[in-house]
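Next up: the structures, one after another.
Paired with chain B in one complex and with chain C in the other, chain A is shared by the two complexes that follow.
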Partner chain A sequence: MTHVGSLTRAQLGECLAGPGIHLRTGRFTTLLRSPIASVADGIHRLYGDYPLSSGFADFHLDLVRPATLRRWLRPQVTLLYDRRSMFKPLPLDQAFPMFEWGLNWCVSSRANRYLIIHAAVVEKNGRAVILPAPPGSGKSTLCAALVGRGGWRLLSDELALLRLEEGVLHPLPRPISLKNASIAVIRDYVPGSVMSRAVTDTAKGTVAHMRAPADSVARAGESALPAWVVFPRFEAGSAATAEPVARADTFMQLAQNCFNYSLLGAEGFTALAGLVERSRGYRFRYSKLDDALAFFDSLP
Partner chain B sequence: MKHARLQPLLVAALRALTHHPARLPDLDDAGWDLLLRQAGATNLLATLSCLLDECGLREQVPAPAREQLDWAAVLARRHRQGVSWEVRLIRQALADLGVPLILLKGAAYTLAGLPPAHGRLFSDIDVLVPEERLGEAEAALMLAGWAGTHHDAYDQRYYREWMHELPPMRHLRRASMIDVHHAILPRTAPMRPNPALLRAAAVPLPGMPGLYVLAPVDMVLHSAVHLFSESEFNSGLRDLLDIHRLLTHFGADRRFWVELPDRARELELERPLFYALRYCSMMLGTEVPAAVQADVAGPSPACVGLMDALFSRVLVPDHASCRDRLDALARFLLYLRGNWLRMPPLLLARHLFHKAFLSPRKSTPEAA
Partner chain C sequence: MASSWRLVPGQALLHRGWDGAYVLYNDLSGDTHLLAEEAMSLLMALRDGDVTPEELAAPELADMLATLRQLDLVEPC
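Moving on, here comes the complex of A and B:
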């Protein structure tokens, strides 16, 4: 099987502008097409380790410039799902982040054989930590530090995928989305980190994506068992403290962070109960990444 | 139909899966990819999933396609639960009226457990109540938390004076939609099927006191008049499939075929039945007894030719792989026709003018 990295930037650009590429991320295949240079740049820079396939695709995405008069004044990009527009266009500069958001939307709105939790997931020795994500909790920053420097494997930065039948977490290793101040923090903290160009003025502020570790991408077929649920909270100046969270609380907070909990009904309840049964819950406050890494290594 | 383009994969697959013996479409990976996209574009993915289950063919579908069908099956299951629950609450809300509550279309198929229900996703629940009790029904639903959605004075007048239903109501907490009908066609339409005849023939749902569905022939006729006086065809293929499955299901009883043409004449719905039988058998291979087909009068051959050209374009999936240059024109002409069938010309002109230039613009978000 070939990889995105086997194509030069020019070849990749040609493929994307023409027939598209069948990009494999974890269990999902996306047929991606786009004539936009910044999309090819982002894919070239961050997706080199990902396999290319052919034939069947779970999602068909096109990123194109809408043919309106506005294109001459304020160029835009629009995301087409199987050639249909599902979202309002964004400024052209945000084309690559729009691909990342669009792919998250595809998975979270469709892959209903998984209980999907808005959370980062990292793994060591076959056991996984789930980091649910109320906005501003510093989840992605922590996730980037854990996989960039802490020796953890990245399962996902955004979407925890709990397979309903087996109760295991399936990886969806993709670039880690960093916002505003954390971009510089991680650039300094993680040696050799590769980032996409920072895009300013998005709905989330300035956004850059960090390339997923090659090892995590290569092991995208290996699932992991849930073992811990850690609710992180960044608080400037605070010492690292972890307090245990009761199972019922952990359950309720995870349920609130699920995309499809009510859709799955009893099946979702059972799966989430199984996950909570197997995991220890912690509320974790920190201000220094070193302290955070030490805490994660001490998880019992 | 003549052209290969107008016999898309999805139509061929539905045809193969709803016949006896049912066959699995013979497709490679790229073929399954296209089939699922066509189904997704026309809201039939969950239906396809259920059909494969019914036929016991699911295990033979290639794994990546099966995975996607599984995703859709979850939606279908949830939908079915939701509809049964909503119907229960509507029944409760209207219990004091003491009138039989007649379910129409999707909700009727679901509660009666009819074949079209399997995997069918729909957004509103349609019910039929006697016209003279409409005000009471509206008040009772409002007390139970449903509220009208069209507040514009013109829209209110449009619904209350000219239409066959109240303005759609949405539940304030659950956001579920309900359409309360007193007839199956607008007051302004030239065809006027008498709702009293439909109500008199309605059949109770066993084990569900107070709930009724239309009699088999009436259910088919309603489905036909709905589809063939429609002005937008986004789920045209789904609606055609409904009719195909109803005909196949009820048609197992020979009395059904004997009653159907007579009932169509009695309800002034012969023309929509003609189209329903024609396009069901042409596209989906529905087995209609020759005597029945001959007994239902259609328009002149020239008109039939024109209708073939139009309907063959809008009854296929609304997907990039099934379009051609004449598509937009066909959709536009049928849009006009649909409105024409609902209102006399002068009123129609006034209505379209008002909608185009006077109605306040809705800020419709693009996200679906």
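Moving on, here comes the complex of A and C:
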């Protein structure tokens, strides 16, 4: 099977502008088409390790420039899902982040064979930590540090996929989304990290994506068992502290962070209860990444 | 306050409990509730016919039954 990295930047750009590429990320294949240079740049920079396939695709995405009068004044980009426009156009400069956000939307709204939690997931020795993502928690920064320097495998930065029947977590290793001050923090903290060009003035502020470790991408077929749920909270100047969270509270907080818990009904309840039964919950406060990595290595 | 109560028909009382706290899936509303052990025990007793009308009429249970009614888990009968 060929990988994105087997194509030169020019070849990739031609494919994207023409028939598109079948980009495989974990269990999902996306047929992606776009004539926009910054999309090809981002894919070339961050997706070199990902397989290319052919035939069936779970999602069909096009990133195009809408042909409105605005294109002469303020160029824009539109994301088409199944050739239909479902999202508000964004400034053209945000085309690559829009691909990342759009693919997250595809999975979180369509992949209902899984209970989908808005959370990062990392794994070591077959056991996974789930990091749910309330706003301002510093989840992605922590995730980038854990996989970039802590020896943890990236399952996902955004979407924990819990298989309903087996209760295992399926990987969806994709670039890690960093915002604002986190971009420089991780650039300094993770030697050799590769990032997409920072894009300013998005709805989330300045964003850049960090390339997923090659080993995590290569092991995208290996599921993991949930073992811990850690609710992180970055607090400037605080010492690292971990406080156990009761299982029933862990359940309720996870349910609030699910995309499709209500949709799945009793099946979602049972799957989430199984996850909570197999896991220990902690509320973790930290300010220094070194301390955070030490805590994760000490998880019982 | 009514003196006789029952589970709202259709409730399967799908639940899990850990350390005295319970989560319960409401089949009719699709909501999930966090319940204390006492409330869960009362629901189970209602399901099993293991509680008398005299006990249900006791003032001490009035608040709990009113709360469970608000959650569409029980109803007077």
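We adopt the following convention: the second predicted complex is superposed on the first by the 300 of 300 C-alpha atoms of A that agree within 3 Å, B and C clash if a C-alpha of one lies under 4 Å from a C-alpha of the other, contacts with A are read in each partner's own complex, and residues count from 1 in each chain.
One rule holds in what follows: contacts are C-beta pairs under 8 Å (C-beta built on N, C-alpha and C of every residue); 3 or more make two chains touch, one makes a residue touch a chain.
A quick note: this is a predicted structure, and the numbers were derived from the prediction, not measured.
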Please work out whether A:H60 is in contact with chain B alone, chain C alone, both, or neither, and reply first, second, both or neither.
first
Please indicate which partner A:M252 is in contact with in the superposed arrangement: first for chain B, second for chain C, both, or neither.
second
With the two structures laid over each other on chain A, which partner does A:G265 touch: chain B (first), chain C (second), both, or neither?
both
Taking the superposition as given, does A:R83 touch the first partner, chain B, the second, chain C, both, or neither?
first
Contacts for A:E277 in the overlay, against chain B (first) and chain C (second): which applies, first, second, both or neither?
second
Which residues of chain A are in contact with chain B in one complex and with chain C in the other?
265
Contact set on chain B toward chain A in their complex:
28-30, 32-33, 37, 40-41, 62, 64-65, 67-68, 70-72, 74-75, 77-78, 81, 319-320, 365-368
Show which residues of chain C lie in contact with chain A when the two form their complex.
12, 14, 16-19, 21-23, 25, 27, 30, 32, 34
Residue set of chain A touching chain C in the complex reads 246-249, 251-252, 255, 261-262, 265-266, 269-270, 273, 276-277
Okay, in this complex, where on chain A does chain B touch?
27, 29, 54-58, 60, 82-88, 110-113, 260, 263-265
